[in-house]
Structures are given as C-alpha cells and as structure tokens.
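Two complexes are shown next, each including subunit A; its partner changes from subunit B in the first to subunit C in the second.
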Partner chain A sequence: MTTTPRPEAQRPAIGHLSRRALLKGTVATASGGALMNWGSLFNSASAAEGVQKQQKRCILLWMNGGVSQFETFDMKPGRPTGGQFRPVSTNLPGIQVCELLPKISQNMDKLAVIRSMRTSQVDHPGGIHLMHTGYSTAANIRFPEIGAVVSKYLGRERSDLPNFIKIFSHGNSGAGFLGPKYLPFSLSPEGRLPTFSTSNRNSELESRRNGLRNFVEDVFAREHKAETARMHREAYEAARRLQNVHQVFNIDDEWEKNRDLYGDSAFGRRCLLARRLIEEGVPFVEVGQSSYDSHADNFVWHRSLLPPMEHAWVGLMTDLEQRGLLKNTLIVWMGEIGRTPRINNRSGRDHYVRSWSTALAGCGVKGGLVYGASDKDGIDVKDNAVTEGDFFATIYQALGIDPKTEHFTGVRPIPIAPFGSEVVKDILA
Partner chain B sequence: MPDLKPTNAKQVWKLQFEGAWPTSVAFLGPRRVVAGNRDGEMFVWDLPDQSSVKPAEDKAASKTKSAAKGKQDEGENIAPVRRLDGHTNGISRLVSTEDGKLLVSASQDHTVRIWESAAPPSGKADVVLDRASREKETKQLPQDKRQAFIDAPGVSVATQDAAAVLKGHDDWVNALGISRNGQRLISGDARSKVVVWDLPARKEVANWVGHAWNGIVAAGLAPDGQTALVSEFTYKRDDFDIPAPALKVWNVADATEKLDILKVHIPKLDAKASTYGAASVWRSFIKGGLIATDYSPDGTLVAVGQGGETDTGKVHLFDVKTGKLVRTVSGHQYGVCDVKFSVDGKYVLSSGRDTVLRICQVSDGKEVAALGKARGGQFKDWLSGIAISPDQSMIAAADIAGYVHVWQLQG
Partner chain C sequence: MNRSVLFPCVALLVVCGFPLVVHGEELRDSIDHQLAAAWKANGIEPAKPSSDGEFLRRVHLDLLGTIPTHDEAVAFLDDTRADKRKLLIDRLLNDPRFAEHQGEVWDMVLFGRNPPGYGTDKRDEFQAWLRDQFAKNTPYDQWVKAILRAEGNTIDNGAPMYFVQYRNEPEEATQAVTQTFLGVQLQCARCHDHPFEPWTQLDFYGTAAFFARLRVVDIGKKNKLTMYAIGERNTGDVLFTGPTAEQVVGKKGEPVKPKFLQGEPLVEPELSADFKEDRNFPNGKVPPSPKFSRKNQLADWIARPGNPYFARAVANRIWAQFMGRGIVHPVDNMSRSNTPSHPELLDQLARNMVDHKFDLKWYIRELVNSRAYQLSGSGPVEAAMPQWFEQARTRPLSAEELLDAWKVAIGWDGIEKSSGKKASEDRYSPLGSGYLVQFLGRPNNGVGDFQGGLHEHLFLNNGGIGSLLSQSKGGLHHSLLNSKAPWTERVDQLYLAMLSRRPVKDEQERFVEFLSAEENSSGRLQEAIWVLMTCSEFRFNH
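Let's look at the complex of A and B:
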C-alpha cells in the first residue's frame, strides 16, 4: 500500500504559539510553578492517569551513527546512487527492500515504513538530540527524551523497575525539564546492571544502613525545605526497590531457548532483555546498536551490521506477537540521520537528512504500509515529507499521549511534540 | 624470463574506464588487459607496441579532450576491443591462467564466471567509457551543444559471453584465487563459504564453511593447488560485538584445517569472544581485515595485506609451513587493496587506498619503487587491484577514479 501526497499548503506553520498556551503558562507561573518547575504538572497529571490505563509500551531500536536508507528500505537499483546491494521482494506486493533484510522482507506486513523523513540536524550530537526529543537543542531549554515523556505518562509510580531503561545508551538529553524523576536508567552494552545497583552487604546490614540514612535525611528535610532532598531520597528508594527485581535482568536461561529466534548477537540479547522488561511493565526501553556512521566502507559495514539487527528485530516482533504484547507495544526503528545518495571515494556515504527512512510497528500502527517517497535518486522527498515533529507526534499519538500536551518552563509552554507538528494519520489504524 | 626492473617503471597506458569504479584487473598473456568494475562491467584492451601507438583522438577511443590529450607521463588512452557480458553486480576479483587462455571473474552477483580468451564474439556494442569526463567538459560548451556532446557515440566493441558460470555461492563472492598450474580455483563468499573448483572440468571438488559470523575476504591456492590460504573477517556488528578474524591454511583434498596462522601469533585469539576487549587482542595485527593474499611462486611464502580504512596498511609475509611471520613490508596510508608476488618471486607488489602501487623486495623488505601519486582530498582514491603480465614486463592497476594504469618495467 502506498499513499497519496499531502499538500504542503494544508500544513500549519511550525513555531506557532497559541494564545491559549500562553495563558496557561501565565497561570502556571502565578501558582508558583516557575520556581522548581520540572515542566509543570499543570495539565499533565490528569492526562497521565488516563493514558496509563491503556498499558501501552514502547521499544526504541536505535541505530546509532545513522543507518543508510539506500541499504535498507529505500533502494535505488540501477541509479548512480544505488550502491552494491540488490533489492528483494517482500510479502507486500510491489514493495522491495534491501537483500540484507531477508527476514524483514517477510514481515513487512507488520511495519509502517516512512521513506520521506526530512529532518533538520545533520550532525551526530544535534541529530541524536533531535531524534530523541523531537526538538533541536536550545540554549535555555532542556528538552526531555521521548523515554522520559513516556515514563511520565505511561510509567508506574511505585514500580520496582525503572520506567525508562536504556540498553547500550546513546544520547544524553535525559529527562530535561521533566526533572530527575524521569531520567533514564542505563544498562551496559551487555545488558548488565550498573555496579551501584547491587549491594555487597547482607540484607540486615543494608536495612540498618537504610534506616540510618532515612533518619538523617528526615532531619535534613525538616530543617531545609529543599526539593533536592526529596529527589535524593527518591533516587535511593528506587535503587533499593531495584534489589527486588535483579533477576529480571538476568536473561541467561531464557537466552538459550531464544537464541535462534533473536539471532546470536549482542543486539539480539539486548532485544530479548527489552521484551522481558516490557513484559514486566516497563513502559519505555531503548535498545542501541552502534557503528552505522559509515563514511568509509559503507557497504561492508552494513553487510556486518544489518543481518544481526534484522534478525533480532524480527525475533522481537515475533516474540511480542506470540505473547500478545505487540498490539500494545510500539516498536520505533530509527537512527539520528540518513546517509548521502553520493558514494564518496572511501566507498562510504556521509550524513544526510533531506530524505531518509524510519519504521514503526505494533501498537495501532498500520502494518504493510510504505508512507511517502523519495525521488528517483533519493536526493529529496518526492511525496509526503515527514519532519521530526510529525514523527514524534505520530509516535505519541500511537502511544495514547496527546502530542499537544504542554509543559511549562517558566512562562513558556512546550508541547511534547513541537508546535505545528502533525500526526501522520495514514500510518495509524 | 627477464628480471623485473621496478626502478625502470614508466607509465605507458592510462585506459579510461569511467562509470562505477574499477575494482580488479588481470593480464591475459603479455599484451591483453582485462578490468572489471562495481557495476559488473568488464572490458578487454589489447595493448599495442608503444611505438605503434597513435594519439587516442585519432583512434576514436574517446571524445573528451582530457582523454585524447593523454599526458605523456601518465600514458595514453586506447579503446577497448571487447566487452565481457554476464555479471549483474560488482566484480570483486579477476584471475587468469599463466598461458593467458582463461580468465576467471568473481562477482557480487553470487557467481564465478570463466571466460575463454580465444572465444568468438557474440555481437557488437557501442560503449561510452568517458561519460563523466564529457559531462565535465560540457561546461565549456554552448548550452545548446552540451547534450549532443554527452550523447555522442562512443566506441564500437565486440561482446563476449562467459564460457561457464560456476554456481556454488549464495552471497557476494569476495575472494578468488588460482593455482599456478592452472588446475584449481578457489572462491569464497560473504557467508563464509569456500569452494575449490577443478578449473578444466569446471566442477566443484571441495567446500567448507568458516565461522558463521565472518565472511571470506581473501583466498589463495598453493602453486600445486593442494593447499589453500583463507582469510575470514567481518566488520563489527557493533562496538561491543566484534567477531574474531581467522587466517588458516587448509588441505584441499579433505577440506581440513592444516594450520591456524593467527593462532601462531595471537594465541589468545578466541573466535567466540566478540567483545571490544577481545578485539583489542588482534586489532593491531589485522587492522581492517587481511583482505588480499597471494602465494609466492615457489609456494613457501604467503603475502597478506591489511585492508579497511586504517592508519597504515602493511603486508605480512608468512612462512606457509610454520605460520611464522617472515617480515612485514610496505605501508599504504589508509589500507591495502591488493597484493601480488612478482612472477619470479623476488618482489611483492601491493596497491592501496593512497593511490600508490608499492614494490618491495621479498629478501629484505626494502621498498624499491612507488608508482602513482596520492590523489584526492583528505582521503585518497584507491588503486583497488593490481596485475603483473606473465613476462613481468608490465604492471596494471585499477584506479577507482575510472582508469586502468599500465606501467612498462623494462627497456
């Protein structure tokens, strides 16, 4: 299935600040939210209660460095920009993908592929921030990552497990103005817990130490009305609760049974752990794979990187589907940038954001869809450009979070998807 | 056979082969050169005696001034005589028999093809090998004449089909080698499968598979075809998932491992360890993979080149029986592309990502000649493949900028 172009004239101007939003910001400031205003809870607390009931989840498969659209979902065979791989047919009539994605090719009915991403940050730091937050960096605002937003709206308040987990972390925007409560909890590339999460003392001693620390903190809190004391205590509490669920992170037994499903790779192990965490109720898990920045040897690099990635991705979708979790779990596949149509003299492709590809699956996303199109050489978007804002708005919508929900930093209202963003409705069922 | 005289090298031909970049080159006898490119195109040039050459513009080899002018110190351009049709994806390697009767090509279209030098043509075709130069030079022409200039006819060549297509691979065929007796052929693919072929019979005689996480990136056969050297490598699957490479000598007859050369030098190498820490054990010795290899004519040494984009790619010379490193020679900025022994075994030639072809003495490792000149920006154009004529009088190199350079070594 393909889609028809959306006239540019119908799209609202980006950057519009509504009068209603401005008024809200003023009220929030008058009520004292501007002091330690972690994004203001003015209108978001009740919204969070509503969406939590839906129990939706999100797994972000992060292709760090910028995976090539030409070597995945937007091939240009026979063109000077086409490269060395050949397309293969998929289980969607008339749709082809790269030969490096044989398993994905037979699961395209589960995916909505966007071939018309056009974003605004072409370097890695800017792109990583942009594609984790939906926003470009700003000097006076720290935007939250998507994981922090999802954690806020879909997270469980007193869960033993963190609500925002990164396995092989990329990006460091964190919770931004939402505050430290929504910061990501990062695991190592092997999926191991950080050393601070495990106590080497016996439980009795640990309990006594905890009691003493609580006493000291209570005294401190009575004498100092500081927000930091509360945050400090919450962080400790979260670490203590994590002790109860250590076993969730140990996938060794389950790995032996699922090795073939996910593929024998580090990324496969991370994806299995992600499924396990989702199953345990964690609302947002980011799984990273590094090294797509193929300025040199683009083709042999993708030859090595994509097979384990696609094996794990299909394994993850299959596993979630078999467990009845895919319908409520959104899988987002993306990197921070695409790669140039031109192949340089290092056999590489450089950074490119005028036209590139991402993909979504599960959680109300229409499978079997290819949205938008690039031109014959992949130089520019031909139909239905999707900006970073549109992409994030669509993700939030799929997760049941209104992308127009606003937070405030001072008097400034910040919607969770940028002003002017549009949900790509064609992608959602 | 006359001695190879590298210090006398003089570039005599600069054959234009624009389009997708040339990847490999081979001699078919002393005066016939074949080159293949990334689109799977292959052309044949017959090199006349230098004294009989007329400027290329008189031979209609090219419509462009730059090609026709042919700077004297870079050699002249002549038109190809034949196009070899059949491959549908990039040519990775070309090899030929010493008598010049057979050419073999390995391709990313998953096939190996055999071509007979004396085969009759299958037809004719008009080909344009200087389109990029034409497009560049149209800027100097009036607007209304530009398209006509670009679309002007090229040269007429005979076409030829392969004598045989060998199908034993399900992925890119990256590696190709031939025994000096012309009886055996070895090919290796991106899924780590190795096939040894009986060349006259055009039949598979053995196959085996290396580590599943690797691909075969280089393969060579001993002069008698009884043993094979195979190099396995893959780029990382991410920063913390980096499979170990392998460089092994195999018995062809029963497809058994005879010697693990990397284990001789890196005993700690563990094929199943794939962490960043494990990679640091072998990284300095392997760099971006040992991606080119050749047996010495007497079969006692093998040369392997460090490829990938690395600081300096060198060539290791190993004793085949013991696996011991005899010496490390040469040094190409950003990595080696191809390695060959001279026909007499006294020199090892390597080409690299620095647009240079280097010639080193096997006896002491001394570099005696560096042909070509670094070209490009921060990163240089590659000389992706090299070939030596059977009589050692010529060396050819495939240049990704769209040329095949030929140097004369004697007289």
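Let's look at the complex of A and C:
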C-alpha cells in the first residue's frame, strides 16, 4: 500500500493522455469523442437535443457481492449444481433463464448474455476493483474506474451535472491516475444528494461571496500553474453549477406514473433516476444493488433480490427504447464475481470466477444473443472464454472508445483495456 | 577559469557520471550543486527563490503541519537578519509540534487511513510512541528495529501494533515491510518470478518465511483496551515449496526457508530431535520468546547500516516528503525499471544517512535549508511535482493539516479561551473526524490515497466548516470587526493571519472595497474569511 498523505496524494500520476493518444482516442470515438465539447457548440435546443440522442452513454447495473449465474442466466437443471429454481423458456427459441426472471425472459431479444466469463479476482475488494477498472490492483498504478474513463472521453466540459454518477456506490478506485476531475459523484442508496450538497445562502449573498473568491483564485492562478490547483478551481466551479440542477435528482414528480414500469422498489427508483440523468446527458451512471454475497441461503437471497432488480431492468430498457435512447445507451449488468457450482451445507454458494455470466444491452450490442457456454455442471467454460479484459474491451468498443487508447504513467503505457484483450466482435452489431 | 569554460565542464561531469560530491561540503550545498548541474545539463531554468512569506508558510506546514500565527508571520517578515530562515528552521525543529506532525505523517505511512483491522484503527499508544521517537530524535534505524522486533505489548509501548494489522498474513506483512522500509515492491513475485526485476518467488517467500511463525496474541485488557503481544513459534513454515515447474506430482515439497532479500539464507540452529512445541499461545498470557527468533534476525538485517536498500529507501522517502517527488518515484518502487532522476545524489543521501547514524532531524534540517527547497512555487511549471525540482511542488494539505491551519488562521485558540470552557481533547475538534476525513481525507483512488473533487467543495461551500466561521470573542472575526484601525490595516491583518503574507495592492483594494461597502461589515467579513479558508492558496502547500 502506498498510504501517506504524501505530496502526490491528490495529484494524478503523470499519465494524462499524450497528445498522440488523445488524437487516436478521439478519432476512434465515432460520435462521442469528437463531441467532447458539444455543450458549448450548440445554441439551439433542438440541435443540441439531436446530438444528445447520438451521444453514447452507459448505465452499469452493479450486482454487488456477486450474483449467481445459476440463478439467472446459466441454469443447470437436473444437475447436482443446479439449485432449486426452475428454468423458464424465453422469447428466444431454445434459450432458458431462471424462473426468477420472468420479465427478462420476455426481453431476451434486447440482451447479449455472456455465459463464459472467466476472471482473475475471486474476493470482493479485488473483484470490485477488477470489474470496475478491467485491471487487478497494482501498488504503483492507480487504475481509473470505467466511469472515469467514460466521463473523460464522452463527458461534457462544464456541464451542470457531473459526468460520472454512482447511485448506491460500490468500489473506491475512483478516477485513479486520470485525476480528480473524473471522480465519481456518489448518491445515497435512496438517490439522495450527499450531505452538504445544498446551499442555504440566498443567491445574492452566494454570488457576492463567489465574486470575491474568484478574484482571489485569479490572483493565485496568475503565478501558479500547477495542474492540481487548476483542477481544484474546476471542481469548485462544478460544485456551484450543481446548484442549478438539483431538481434533476428529485424523481418524485415522475415516480407515480413510472412506478409500474420500474416496479415499486428502491432499485426501481434508482433506475428511473439513472434514466433521467442519462437523458440529461450524463454519460455514465452506475446503479448498485446489494448484496448477492450468498454464502448462506443463496436461494432465499436471490428470490428476494432478483424480482425487483429484473423488473427495474426491463423497465429501464423499455423506457430508454421509447425515448429513442437505448440505441445509444449501453447497459452493463454484472457483479464482481460469480458463485460456486457447489452448493455448500448452508444452502449457500461461495465465490467463483472460473465460469460465470454477465449481460449487455443497447448501444449496438446484438440483442437475442447468448455468447459462450459453460460445461454441463457450470464448473468451467466450455466455449469462448471471455476475460475481464475482453469484456471491458467490448464495452469500450460499443461506446466508441478505442480500447487500445493508451494513457501514460511515467513512460509506462496503460491501455484503456489491458494488453492482449480482445473485443468480442460477435456481440457487437 | 572563466565562465564559458566552466559551464561545459560541469555539463560534461554530469554526462560522464563523475562524482559531483565535493568532500567537506555540507549536504544542503551539495544538494544545490547537484540539482543545478542537472538543470544545466537539461537546459532547465529554475524558479526564482521563494519570497519570505512563501517560505514561512511552506516550512511551517512541512515541519509542524500548520501555519504560523499572525504575530509569528509579522515577526518573521519584518526580521532583517540575513540568516533568519536558518534561525526559523532551528526554532521549528525544536517545537513540540514537529514531533507531533512527523509522527502523524509516519503513522499514515505505516497504517494508512484504513488499516486492515483487528482494532488497529484505534492506536493511540502506537501514535504516542512514534511521536516520542521524533521528540527524542531516536535514530530511524533504532525505532524501525523496535517496530519490527515488536517486543512488549500494544498498550505499554505501542510498537507491536504494526504487526497486529497483518495478523495471520505473512504475505501481506512481507509486501508491506519490504515496500515501506526497503522501498522495493515484491508483490508481483508473490505469484510468479518478476518479468524484468530480479525478484523471484523464492525472494518473496524467503522473506515471508521470517513472518510465518508470528502470532498475534490477546494478552488481556488494560484501560478497557485489548493488549496484544506478538508471539513467535519455534516451528512453522510458509506453505510455498518452490516454483510450480519444480514440483513433483504427489510429493509434498520442502517449504521455502528464510533467506535475506537478494542475499544469504538464514542460518538457523537445529531444534533438538525430541523438541515438542506447545500448543498455540493461549489468550491472556504473555507468549514466551522462541528459542531462536527469525523475526529479530530480519529486523536486525533490515535496519543495519550495510543494508543496500534501507538507507536509500528512507533518504528517498523523506526527500519526497519535502521536495515533492522522490529521486526514485514512486518512493516505494525502487527497481531497475524505475531509475533515479539524480542517481549520484541519491547515493550520497543514502551514504550520509548512514554516516549521520540515521539522524532524521539532521537530514530534514539539511533539506529545508537547501536553496532548492526554498525555490518559489510560482512559475510556468504545470506539474505539481516538478521532475527536476526546478520549482517548489504544489501539494494539497492533509485533512489534519487543513484543520490545524484553519484553526490557527481564525484564532480558534483565542475563541476557546474566551469561552471559558475547557479545550476539547478531540484531535478533530470542532469539525469532528467523521466529516473532515470523509470529505478531505478518505482514500478514494483505490490505493489508499485521497483525491479532492466535487464533494470537497460541497462540504466547504455549504456549511461544513461553519463552526470555524465563528464570530465569538477571541477570534479573528471578532477582533477585526471591533478594530478601530482603517480597513487597509485590517486587510493586512486578515492576510497575515490567513495566508502568512501581506496583500498586494489590488488584493488590498478589492478587500477594502468589499469589506467597507456596508455599515455593518460582519457578514462580509465572514465571507472574506471563508474565501481565504477555501481558496487554492490555502488548500495547497506551495
């Protein structure tokens, strides 16, 4: 651990993107990257709206603790590892999912399910870092979370809303070496703004105080060019701009009429808020649900967690589709680990990463696809193993961000998805 | 020799790698000569020397973890003695807060904000013990040895607390000990030989074998706190038996034996054939010493002067603490692929560290007396930690430094005194550790460090530091509001109290205009204080 309040504590490692890499990254960013400054380019609301619909974004549905593949997308009926739930048929011929996912079963045409995940970190902290960054932890490199990378490439400069928002946050890798500008903005499990988010000063006094503060900051900036101080100023501006958009976070006005669509649950409310934020142009929103860490009573836990989750998930896809946003919004569904084939003596399943499942939807992902397969007991991957690197490369590709784009920490190049990762092309249209 | 001849010679010296160390020279001068040679060789223009105000604030924060008071600032700025910086440094090094602050810095090095557990998040005794080592200026090698030998218990002398955090985790202890005290990173070799460093799995587990017999023993309670002692068994080994390729199926290999990093195997006396180990250490009893302590052998090897890593690691770490980045950076990753920016300087620092018997106060005194440390933080360099040390670094204050500096700035001591109430014993009073650490100190970059961002400003903007904006008697606000002096003077006082310098002309004009715009200035004065508390100039040490 490097854990001192050392001088570099807050600064990003040297590796901001090189100019060359930025150019590569931007070119590869089909619609998004070239539009990094789009907010300031448009005066006409309708033109901006048109562009906004093109703008790619991402919602991560994070199943904290590690959702079971056997109780969701990779059932093993009749096998000793199968568990107690029954499979149901879906709107894809020959494909079955768990009976706990009735709504998903009728929306499989929108999903690409991967049944052949094989990842490298089997515990929670390691897995949470891995499945937020694509990398295992390293003592000397601070890897950014996917949300930070997406907000760097698809985020809008000087937007009122933060570019990376987490509702019920898990993981603390944050912006890593990309620097504080790309840190997540975390909301409570209820979607509430963090403590101290609301100014209680009247706007006249606030603006008077701000005028003096800007003067002081300008004086300092005349002589001091350090990037940390610049980022500090930018974050202050962002904190003030946030005051303009508080109403976005309050979903009460919309909840009544969307309650049935999303399901009357905390996760449903989080998903509705995520849709609102995406619609407002936030490029990355993570929505957490916890906890699937079912070492005991695996079936009870999944029976209580999955129904509200799948209801909200389907509601979210339906809502986005109706608003014309699903084609540019990638939904990623995953936890940090899968669960063991073996059911332990407490009716639980433990941690497992040799073979497990994730799912993608929207944003050019082929719907109606089941990719890869595990063997008959779900012990190992039978076909087309997908590593964490491949998975992240595929996500970035879908979002129009070249997964080979490199950042530098010192002279060491760090590609957005780890070296040797391959985009799973079959999943992308 | 005229100048035009001398310059290429200096450049040549650097290129050819001749020693630049001049014998008999003080370290501070040697540092300056060597950095200057590198600037010349690389065509770098260093920043101008720091102003008195800049230096005053910087050295206070670095040595004491807080800023000077208004009166201290005035006294220093108006002091006309030529050696006033040197005198100030001497005074600060003898201030009790020096030991407190350095103790806090090292406590974070050793435990981090979120230690692995087992009650180590509350470790007042360890912190007091560490502070005491700085107060007594115990040589670094000696107090490190005490931490690694871990004798006594966690309440009576504190030092054993270090190993409590790695209970039953010899591999974690291996990583932490080598990284912190030797400046090397073995973690890759935990699972495979390092691809381009000399570290092998045998190095990793050879070191882990020294820790494999350690047990954390709960030996009772004192003052309602659990006392831990570090016991060491006479038997027991790491589970690792060597690289996979060398293993024979169906055969249990020999566990890896202790071996000093990149050095000799440990020579251990044989246990007698009829030796029988007692069952595990029972709770409530002080564990007996082993017949032969592997741990103590390692502690002595790590902290001996001839250890090739130890002196370099600490010289480099403390260099980075004061100069911004390490000569090898990050400081705990010294390796073939991460070479020093100034190799001869680092060699010299390490050598001097040994020659001066690991006297950290001596070393820190040399660093902060160097012209390099006293360069200005203003200039064109955008890197917060300039590569060639050509401009002072810009580093954010830790949560603790910020709090302490705020309290000095707004006269919290005076407010507490005037209130007649007893001063709080809470280190985080009056803000409380909860919010302060959450918004300004909790690690949020995945490896134990804090990065500031939006949340921090929301905290500062919307009431988080309200209790420090007190209008009570004894504080800065009260004294300025009730002063009969003209606003120009009062603005001087405000700047001296908060930023340890006098305002420049446009600052003074702007603040006088702002503060005198209404009959009742109270609200505006509070706003001005808030502005200076939250501005970048305050937030960073530069």
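Assume the second predicted complex is superposed on the first by the 372 of 429 C-alpha atoms of A that agree within 3 Å, B and C clash if a C-alpha of one lies under 4 Å from a C-alpha of the other, contacts with A are read in each partner's own complex, and residues count from 1 in each chain.
By our rule, a residue touches a chain if its C-beta (ideal position, glycine included) is under 8 Å from a C-beta of that chain, and two chains touch if they have at least 3 such contacts.
This is a predicted model, so every value here is computed, not measured.
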item: First (subunit B), second (subunit C), both or neither touched by A:V300; value: first
item: Partner chain in contact with A:K404 - subunit B first, subunit C second, else both or neither; value: neither
item: Partner chain(s) touched by A:R192 [first = subunit B, second = subunit C, both, neither]; value: neither
item: Which superposed partner A:F143 touches (first subunit B, second subunit C, both, neither); value: second
item: Subunit B versus subunit C as contact partner of A:R354, first or second or both or neither; value: neither
item: Partner chain(s) touched by A:N345 [first = subunit B, second = subunit C, both, neither]; value: first
item: Touched partner set for A:R86, first subunit B, second subunit C, both or neither; value: first
item: Partner with the higher number of touched subunit A residues, subunit C or subunit B; value: C
item: Common ground on subunit A, meaning residues reached by subunit C in one complex and by subunit B in the other; value: none
item: Complex contacts: residues of subunit A adjacent to subunit C; value: 1-12, 14, 129, 133, 137-140, 142-143, 162, 171-176, 179-181, 183, 185-186, 194-200, 205, 208-209, 212-213, 215-217, 219-221, 223-233, 235-236, 238-240, 242, 410
item: Partner subunit A, residues of subunit C touching it in the complex; value: 105, 108-109, 111-113, 175-176, 179, 185, 187, 320-321, 324-325, 330-333, 338, 377-385, 393-396, 398-401, 435, 439, 441, 443-459, 461-464, 504, 506-507, 510-511, 514, 523-524, 527-528, 530-532, 534-537, 539-540, 542
item: Interfacial residue positions of subunit B with respect to subunit A in the complex; value: 38, 89-90, 108, 172, 190, 212-213, 215, 234-241, 274-275, 288, 308-309, 353, 376-377, 379-382, 400-401
item: Complex interface listing, subunit A residues touching subunit B; value: 84, 86, 168, 189-190, 264-267, 288-291, 296-297, 300-301, 303-305, 308, 344-346
